[in-house]
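Labels for the chains are A, B and C, by order of writing; each one numbers its residues from 1.
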Amino acid sequence: MNVEINHLTKSFGGVRAIDDVSLAFPSGSLSAIIGPNGAGKTTFFNLISGAFIADSGEVLLDREDILQLSKTERMRRGIGRAFQVASCFPTMTVRANLMAAVTAHAGRWASLSHRFPSPGMRERADDVMEFVGLTDVADVEANILSHGDQKLLDIAIALALEPKVLLLDEPTAGMGPDERWRMIERVRALWERRKLTLIFIEHDMDIVFKVASSIRVLCYGKVLAEGTPDQIRNNQAVIDAYLGAEENAT
Amino acid sequence: MDFNALGACFTTPACVVTQATSGLIVGMLLFLVAAGLTLIFGVLKIVNFAHGTFYMLGGYVAYSAYAATDSYALAVLAGAVAMALFGVLFERVLMSRVYGSNVLMQLLVCYAVVLIFDDIVKIVWGPEFRAMGMPAAFQVPPLFIAGGVVPPFYAVLIGIAALIAIVLSLGLSRTRLGKTVRAAAVNPQMVSALGVNTTVLFAIVFAIGGGLAGLAGALAGPVRSLSPGMGFSILIEGFIVTVIGGMGSIAGAMVAALVIGLVRGFGTIGFPGFTDGLIYIVMIGILVLRPQGLFGRPL
Amino acid sequence: MKRNPASRDALFAAIVLILLLAIPILHRSPAFEDFIIRLSAMALFATSLNLLVGTTGMVSFGHGMFYGFGAYAFGLTMQLTELSLPVAALFAVALTTIAALVVGAICVRLSTDYFAFITLAVQMLFFSVIVSWQSLTGGDQGLRGGIPRRHIFGFDLGSQLHLYQFCAIVAVLGLLALRHVSMSPFGNTLRMIRDNAERASFVGIVLWRARLLAFTIAGGFAGMGGVLAALFVSGAYPELADWPNSGQAIFAVMLGGINSFLGPVLGAMILLALNDLVQRFTEYHGLVLGVVILAFALGLRRGVLDFIHLVWSKRAR
C-alpha cells in the first residue's frame, strides 16, 4: 500500500506545525523521518493516523483520499501506529494485551455472547507474540515489563491489527546502544516478512543511515530534503539544520 | 407551573423587590460557599465534598458564640475563624493523604467527615433545630423599597457578602499570595519548582475555602435555622453554582450564585415545588452545551 | 482437560444458591432472611455500579436513579396494570434499561469529572421529579398502596420465606449474568478503555459506544435491584433514588474492592451489617460508620477483597 501526502498543512493556534508538506512513500518501502526536535515529526504521524485532522491537503492511501476518515476508519484501511511512549494496557498480561488487540481487529470487541477470549484469538495473539519475540514474557503484566519489551509490545499491538502501513514513532527511544540495534533489526525483519510500508521516526543517525532505504528530513514543519542515505549525508542544508540539534540527539 | 402568578409578580414593583432581595440573600450566601469550593478545586483539583460541613459548623459555632457574647459581629468572626482553622486541620490530617488517589477515595474521606460531624453536632448541640434569632441590632422596622418589604438585616448581609467578594477578588488579583494561588491553579508543578511551599499554600487555600463557608454559615444565622445534616443541601447547591459558573472561577461563582439565587427567589412563585428541578435542568444544560461552565477555562 | 472458567463460576453460583435455599429449611432466622433480602437488592445495585467504576473507569455519582427508577417502575406497573409479577418485573427492568440508554446518550460523551457531575445532576433531577409528581408517585410519602398480586408461580411473596427465596434466586442469577458480561470480550474491552482509552480507540474500539452500552447494562441491573427493593419495602420511596443511596453503593464498591468482581457484594454485606450492628448499640451510627470508612480509606487504602488479593499474590512471589 503506498502513501502519498500532498500539501498537508496543520496549524495550532497560529503556529504552522506542518507547512505544505508533500511526500510519497511507495508500497513496501522502508523510510525514515528525521529532523530536529519540534520539526513536526510526531504531528505528521498524527495527521496520517487521524489523531489530528489536517487544515488542508490530501492524504492518499493507494490513491484514495482518507482525510475525511476517522482514526478508526483509517486504521481499518490499514494504517498502523506505534507510539513514542509505549502505550499498552498496563493491568493486562502481554498475551492478554494482544488477544485484546486481535479481538478488536476481528470486530468482536462488543461481543457479549461468550467468554473472552473468542475462539481462535489466542492462537492469533500467540503468533504475533512470537513474531515480535515476546513469547517468554507472555504472562507478565505490561506495566512491569522492561522498557524495551514495552516498546515491542506497543509495536506488537499495532501489528496485531494487520496494518499495511506502519508508523513507528521513535522505536528505539530510551534504549541503550546495543538494545537499539537489536530493536531496529527486529523492526527491519518485521518489515521484510510482512512487506509493510514502514515509516519510522528516529534520532540516532547511525541507525537511520544503516537501515532506511530512503530518508525524509523535516524542519520547522517543512520538508527540508529527501533522498537516499548518501544524498542526505551530503546535503548541506540538512547538515546546517542539524549542527545545533545533533548535540540533543539521543 | 404558575406563569400567571410569575407575570403578576414581575409587573408589581413590590413583589419584584421582595423576591429579588430574598433571592439575593440566597445568592450571596451561595456565592461565599461556592467561592470556597471553586478555589479549592481550582488549586488542588479536589472536589471538597465536606464543604457543607464547614458551612454547618460555622453556623453552630456562631450560634454558640452569639449565645455567649450577644454580639453578632463576634459570632460571625468566630464562625469564620473556627472554620478556617478546621480547614487547615482537615487538609493536613486527612485530605493531604489522598491527593493522588482516585476521586472516589477522596469522596469517601470527605463523606466520612460529613457523617462524623453530623453526629458530633447532634451530640454537642442536640438534634433539634436551633436558631440564633434576629440579633437586637437588626430588630428595627423593615425598609420599604418601591413598596416591597426589605428587612434591614437582608441589606446588611448582602452588603457584607458583596464586600467580601470585592476583598476576595482584589486579594486574588493584587496580593502576592493571591497571584500565587492563581498561578498554582494553572500550573502547580511550576509554582512548586519556583520555590513556593506548596504544603503551606494548600493549607492556606483550605483555610480560605473553609473560612468562607464557615462565614456563610455564621452570617446566615439570623435567617436560617440550624440542624444536623443541613450541610448536604448547601453542598449540592454550591456544587451546582461552581459547575455553572465554571470550576476555578470566582467571577463565575458570583454570576452563577446570583442567577441561582434569583431563580429561587422568583421560582417559588412560578414553579412552586419544582424550583430544584428547574435548577438541575439548567445545570444539565450547561454541562451538555458548555461543560467548562460560563467562565471556566475551555477544555 | 482444559479448565473452564465459565463452568467454575456457574458451579460457585449454584453452590451459593443451594446453601442459601437450604439454610431456612434447617433453621429459620427472620433477621438473617431480612438481611439477605436487603443484601440481594444492594448487591445487584453495587455490582452493576462497579461495571462502570471498576471495570470501565467511569465514575457515576447518580447510579441510584436507576435503582429508584426500577422500584417505581415496578410498583407503578403492578398498581396500574393487571400484569403478573414476573412480567411486571421484566417490564420494569426493560424500562429502566431504556432510561439508562437515554441518560447515557446525554452523559457519556463528557470527560471524566464532568461525567460524574452530570450523572449526579440527572439523578437529583429525577429525584425532584419523583417528589413533586405527587399524583403519580405519592411525592415524598412514597408510593402508597403497596404491591398487589405479590405471587409468582404459586409462591406468595408476602411471606418472608418466599420473598427470601425469590430474592436469593434473582440476585444469584443476576450476578451470574453480570459476571458473564464482565468476562465477555465486551467486558475486556471495558477494561482496555479503563487502562488506556486512547490506545483502545487506536485499536478500533468506538469509545462512546462501548461506554454507552456499559452504562445501559449497568442501569438495567440496578433496576433489577430496585425491583427487589420495591418488593422488600412494599412500594417505593424517594429515598431509593436519592443521593445518599448512590453514596451507599459507592461505599460498598470501595469498601469491598473495585478490582474484584465480588468486591461490591462484600462491601454491601459489610455496610449493611455495620449499619444494623451499630444501630443496636448507639444512635450515632454516622459517627461509627464515618470512622470505619476513614480507617479503610486511609489505612487499607483499597477495598477488602483487593487487599486480600494483594497480600495473596505478594506471598506467591
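Going forward, a contact is a pair of C-beta atoms (placed from the backbone, for glycine too) under 8 Å apart; a residue touches a chain by one contact, two chains touch by 3 or more.
On a predicted model such as this, the values are computed, not experimentally measured, just so you know.
> What topology does the chain contact graph adopt: line, ring, star, complete, or other?
Shape = line; chains linked end to end, path left open.
> Looking at mean CA positions, which chain is nearest the middle of everything shown?
Closest chain centre to the overall C-alpha centroid: C.
> Determine the centre-to-centre distance between chain A and chain B, using the mean Cα coordinates as centres, and give it in whole Å.
That gives a centre separation of 51 Å.
> Please work out the Cα centroid separation of chain B and chain C, and write it as a whole number of Å.
Between these chains, centre-to-centre, one finds 33 Å.
> Using mean CA coordinates as chain centres, what's the chain A-chain C distance in Å?
The answer is 43 Å.
> Specify, in ascending order, the residues of chain C that touch 2 or more different other chains.
Where chain C is concerned, no single residue meets two or more other chains.
> Going by the contact rule at the top, pick out the chain C residues touching chain B in the complex.
Listed in rising order, the residues of chain C that touch chain B are 53, 59, 106, 110-111, 113-114, 116-118, 120-122, 124-125, 128-129, 131-132, 243, 247, 250-251, 253-254, 258, 284-287, 289-291, 293-294, 296-298, 301.
> Of all residues in chain B, which touch chain C in the complex?
94, 97-98, 101, 103-105, 107-109, 111-116, 118-120, 122-123, 232, 236, 239-240, 243, 273-274, 276-277, 280-281, 283-284, 287-288, 291, 299
> Mind listing the chain A positions that touch chain C in their complex?
It is residues 49, 71-72, 75-76, 81, 83, 87-92, 96, 100-101, 103-105, 107-118, 157, 161 of chain A that touch chain C.
> Name, in rising order, each residue of chain C that touches chain A in their complex.
5-6, 180-181, 183-189, 191-192, 195-196, 198-206, 209-210, 213
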